[in-house]
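Since the structure comes first, as structure tokens, the remarks are kept for the end.
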Amino acid sequence: MIRFECDYAEGAHSRVLERLTETNLEQTAGYGEDPHCARARAYLRRLCQDDSLDVHFLVGGTQTNTTVISAVLRPHQGVIAAESGHVNVHESGAIEATGHKVLAVPSGDGKLTAQDVQGVYDGHWQDVNHEHMVQPGMVYISQPTENGTLYSLAELTALWETCQARGLFLYVDGARLGYGLMSEACDMTLPELARRCDAFYLGGTKQGLLFGEALVLVNKALRRDFRYHIKQHGGLLAKGRLLGVQFCAMLEDGLYFTLARQADELAMAIRRAFADRGYGMLFDSYTNQQYPILPDGLLAELEKEFAFSFWCKVDESHSAVRICTSWATQPEAVRALIDALDRSHKA
Amino acid sequence: MIRFECDYAEGAHSRVLERLTETNLEQTAGYGEDPHCARARAYLRRLCQDDSLDVHFLVGGTQTNTTVISAVLRPHQGVIAAESGHVNVHESGAIEATGHKVLAVPSGDGKLTAQDVQGVYDGHWQDVNHEHMVQPGMVYISQPTENGTLYSLAELTALWETCQARGLFLYVDGARLGYGLMSEACDMTLPELARRCDAFYLGGTKQGLLFGEALVLVNKALRRDFRYHIKQHGGLLAKGRLLGVQFCAMLEDGLYFTLARQADELAMAIRRAFADRGYGMLFDSYTNQQYPILPDGLLAELEKEFAFSFWCKVDESHSAVRICTSWATQPEAVRALIDALDRSHKA
Amino acid sequence: MIRFECDYAEGAHSRVLERLTETNLEQTAGYGEDPHCARARAYLRRLCQDDSLDVHFLVGGTQTNTTVISAVLRPHQGVIAAESGHVNVHESGAIEATGHKVLAVPSGDGKLTAQDVQGVYDGHWQDVNHEHMVQPGMVYISQPTENGTLYSLAELTALWETCQARGLFLYVDGARLGYGLMSEACDMTLPELARRCDAFYLGGTKQGLLFGEALVLVNKALRRDFRYHIKQHGGLLAKGRLLGVQFCAMLEDGLYFTLARQADELAMAIRRAFADRGYGMLFDSYTNQQYPILPDGLLAELEKEFAFSFWCKVDESHSAVRICTSWATQPEAVRALIDALDRSHKA
Amino acid sequence: MIRFECDYAEGAHSRVLERLTETNLEQTAGYGEDPHCARARAYLRRLCQDDSLDVHFLVGGTQTNTTVISAVLRPHQGVIAAESGHVNVHESGAIEATGHKVLAVPSGDGKLTAQDVQGVYDGHWQDVNHEHMVQPGMVYISQPTENGTLYSLAELTALWETCQARGLFLYVDGARLGYGLMSEACDMTLPELARRCDAFYLGGTKQGLLFGEALVLVNKALRRDFRYHIKQHGGLLAKGRLLGVQFCAMLEDGLYFTLARQADELAMAIRRAFADRGYGMLFDSYTNQQYPILPDGLLAELEKEFAFSFWCKVDESHSAVRICTSWATQPEAVRALIDALDRSHKA
């Protein structure tokens, strides 16, 4: 069985483990106040071309999202997100558990537009009863989205300007940001992203680390006392250097991005293979997650050898699945999938 | 200016003030442990034909909803509600502030169906990732709804059976329950309602009291320690007897229901007046809230003499408004409205 | 049985009921946006000699405290209070329910000193692990305290300066503020108080209203969006004018203060009666709550005719009780108590 | 500089890293549903001699404590803990952030007694106003405590019986449980502990893992839906197997306990060295944390070569420090410390 279910099925890139082993018996201060974290922060600042950025390392995505959102919002405020956004559906109510409503906006492709945000904002403030309603305080987007789709630079710029003009905080969930930035369809750079939001994180867990997310606080107002928030949410890892060591391994020479580009290219090969054989895609993704719509018979055939994530029934005889590549995906595995598709398709 | 904007524009029925005055200098225990509250509880039990019911008196609706919902749900659970439900849109995020998501279901008329509930429930439990999602723990409905629409006995029974079969708690917001039960279109009695939910409240604020809601806990499992929850949510009024005295005044001989019936009849007169002249209604309401759709010119004309609540634009030249009657509405006021409609309509 | 148990055993001063009756059928806007509330706000501003103050009316004390404290604190902050403070012991965890720790300081008399505050503050910031600890964000005191004791102007000034110098918010719970200000031992005026805190409330429930507390926001930073917080905590009374009407009745000509002074004088008569007969007091109170320490035999004798609040056992044969006077206490009742004390004392 | 500041200064035991490397490219299911976690669960059940136990793996201690406590308590309940307990002072208010008060009890040695618990419980229920106060719902203790002190089997049994008789949940924080169980002064076994509490965790972070805590749910009532709680608190690690692999490495042949015993023995050598030279200890610890009270001159001398955690000033010329050994401490380091002590002591 070859697994394409998700992008966190394996451990870490070998270099990550080597560096953890090399530094293992060093004695360092805890909670992220060690030289490895300092070095990793410096790499991130350099990559973003902004020496002033505040960088924190947390363990996982839900934790990072919850910590940022609850630190930003006042008690009567909520966060605008696409209905399919991770914070709205896949965090077991972690945002609400901190007291805040997710103001969910329907979205076909998982993206929010500047118009969506303006609509929620105006809808709130034009309502005579707005004091009885949750006030929009920030906007949450993912780049790429949970559906693999990408914001263009123009779209992000429009969102950012909309947020700036309305006093809304803009936060970008980058669990798969490497896969996003390295996509052939992406027209923005990391520094461009960093100048168009108040905070974002560069995901490690799905991009070759054992675990870890690098949170970048762009907006200075958010930085004060931020480590208290991390600690309160259980995110201040005692041996914080484990995060620093891992991010150093991946960022010092760009390995993070090299691996992401490979995964994207393999995903595009899969995309083209399905397209060439006439199969449509549920979402128009150019990143490491692909969502082909397949006849149920073909799907059953492929699933004898390959594991996918079931996504949804499309009609009576077709289903969409998610196929993920990752930093760990071997070209041979993709070739095997395409060969199998060919055999089944012709049969 | 004659006001039809809402059902809480005046103070209280004169009998309520008289009783407060008569009992004013009595010295009683605080926090609802006085003879007036005891008597009011007895009236409610008798009206519900169930001597075992647990009854608490709270000050307002948002407080009552928040207290019940947060007392019922475990931390990972949410409450299913219509998208237009009061707890979803008009309580400034009070439910989320206690840590719980409102699982909102789109609804044209403000009602939830048994199918809606089953859909949310099945959608949750059939998802392979359900542990990453908020678990449905209870259902919130309003009788009548915020749109004035009513559940039939059959609909409520279906909801109740659906909830019972799935371990979901069913809670009925009765801010306007009197107007609901007294409607010509209502086919259920108070005892029938009380046997088809785990908790409900009989609203006082909008039905002739100065303030106050009578919460009835039907499900015995909810009763334990309930007064702690009320206190924590600021709902344990020091001079709790004020609530008991008011509910006694309204329930001892059925004044509560007499006033509600009058208000409904006046609302139906308004409804018929608009219908007879060819105006449609946004919602099919047989209770004290009516939602006529009017040409903007006619509306502007009427608003010279009458105050309504603006609801929404329907198309370029039409708007819907809410017209409320209440326990305090005078037949003359309704007659004046119909006369004005007639004049404007003909003009 | 004559009751001295608490200061909320009766309803309201007769003028309050009269005004509610007179204004009963007026149609006004809801939620505190009516002319009565506007007038009551003006009275408060004039009494405080500060036209810029923001004033809100809430229903009860727990609600008011919770709303203010949760609006002020950021998620990682807590509120410093005396161990016996109302927010620490008698609100069923309402403060913690909004996510915040009460940083309790032991206090013999129920008061916090500037030194106490400085100690907590320095203890926090000097700890190398302060990011792992709740950060002090504000100070909560009651004037008078739950023990009837009073802050002097010098003490309050020292607290205020300590808070100002450290970025701590100072909030004064004034559930019995009238009894405090009218005490023969009080050396501060209302304007002096209002210039030495960020927010305070002037209590109504225990001072002659049916219910209601007037919250004064002095610090401009707190005012933004404050009505959202009130609504979220269930404190935005639909018929908000009930609060305005009541406060107008009590403040328009100083009745609030006249009644408080009477209650204080009656309390001092009780205090002197016990002192003259050699009985000590648990707390050195010059306000409407008195805490005599009595032989258990004498106490049993008095309790045949009078109701007190049991406070604590002092030793094997003595107990302390709380004796409250209030706006409703009749001089005859106090005389009867002193006569009974005399009879029992001599016996 | 040789560091004795804490027990989490290094990475992990070499075997842990070897196993992570060996299993690195396996493809497994995420979120703890992999064979490694299954095997680690089996080891724990065997060590506890109870096949029915429910075992979950979380990343860190604050997260584990918060998840358990918020899953157990109802909204109006709090957790009894020693004033020095980790949940009371060193988790940045994480417990309060979930809505619950820590009911702190003063304790000289960091331990709670059965009498303490009974006192809090009786104090609550005997108070006529108990509905206005936070209800005790569970008891939190640490074995060993934050001060290195140990509960005896008799003390734990008394606590357990006290909790059982009062419906209180008993939870044991075992961040350093290995160091506790292996202490020469410990008279309880792991199975004996597991039969005297509702839940406990076996700490990994401070005992030779990179990170990770093994939470054991003994009480069946707590198990339902527990993974939702873990997810909501950001504790469901995507690559959950990292925890399983690490715990397998440490538990398969008892390495966890061997390392703990070594650390304890080294700590006792330090203890004896100070005692033999006449220095007292702040706490009577027989585990890996020692708290000698030293003249400030001697301390300054030692700190030239060794790092300790400053604990507190004891008097004008003496201070207490914390000296930790751990799984990683070398005997040579301890010898060097004792030699230096000897030199400084004589000087």
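Each chain carries a letter (A, B, C and D) given by its place in the written order, and its residues are counted from 1.
Quick note on the criterion: a residue touches a chain if its C-beta (ideal position, glycine included) is under 8 Å from a C-beta of that chain, and two chains touch if they have at least 3 such contacts.
Bear in mind that the values here come from a model prediction, so they are computed numbers and not experimental data.
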{"item": "Mutual neighbours - chains that touch subunit A and subunit B alike", "value": "C, D"}
{"item": "Chain whose average C-alpha position is farthest from subunit A's own", "value": "C"}
{"item": "Subunit A and subunit C: spacing of chain centres that average the CA atoms, whole Å", "value": "51"}
{"item": "Whole-Å gap between the CA centroids of subunit A and subunit D", "value": "34"}
{"item": "Junction residues of subunit D - those touching two or more other chains", "value": "75-76, 91-93, 97-99, 131-132, 228-229, 231-232, 236"}
{"item": "Of all residues in subunit B, those that touch subunit A in their complex", "value": "75-78, 89-93, 96-102, 104, 128-129, 131-134, 310"}
{"item": "Complex contact set, residues of subunit B against subunit C", "value": "3, 6, 8-12, 14, 17, 20-21, 23-30, 59-63, 66, 91-94, 97-98, 205-206, 210-211, 228-229, 231-239, 242, 328"}
{"item": "Subunit A - residues contacting subunit C, complex", "value": "31, 70-71, 74-76, 98-99, 131-132, 135, 225, 227-229, 231-232, 236"}
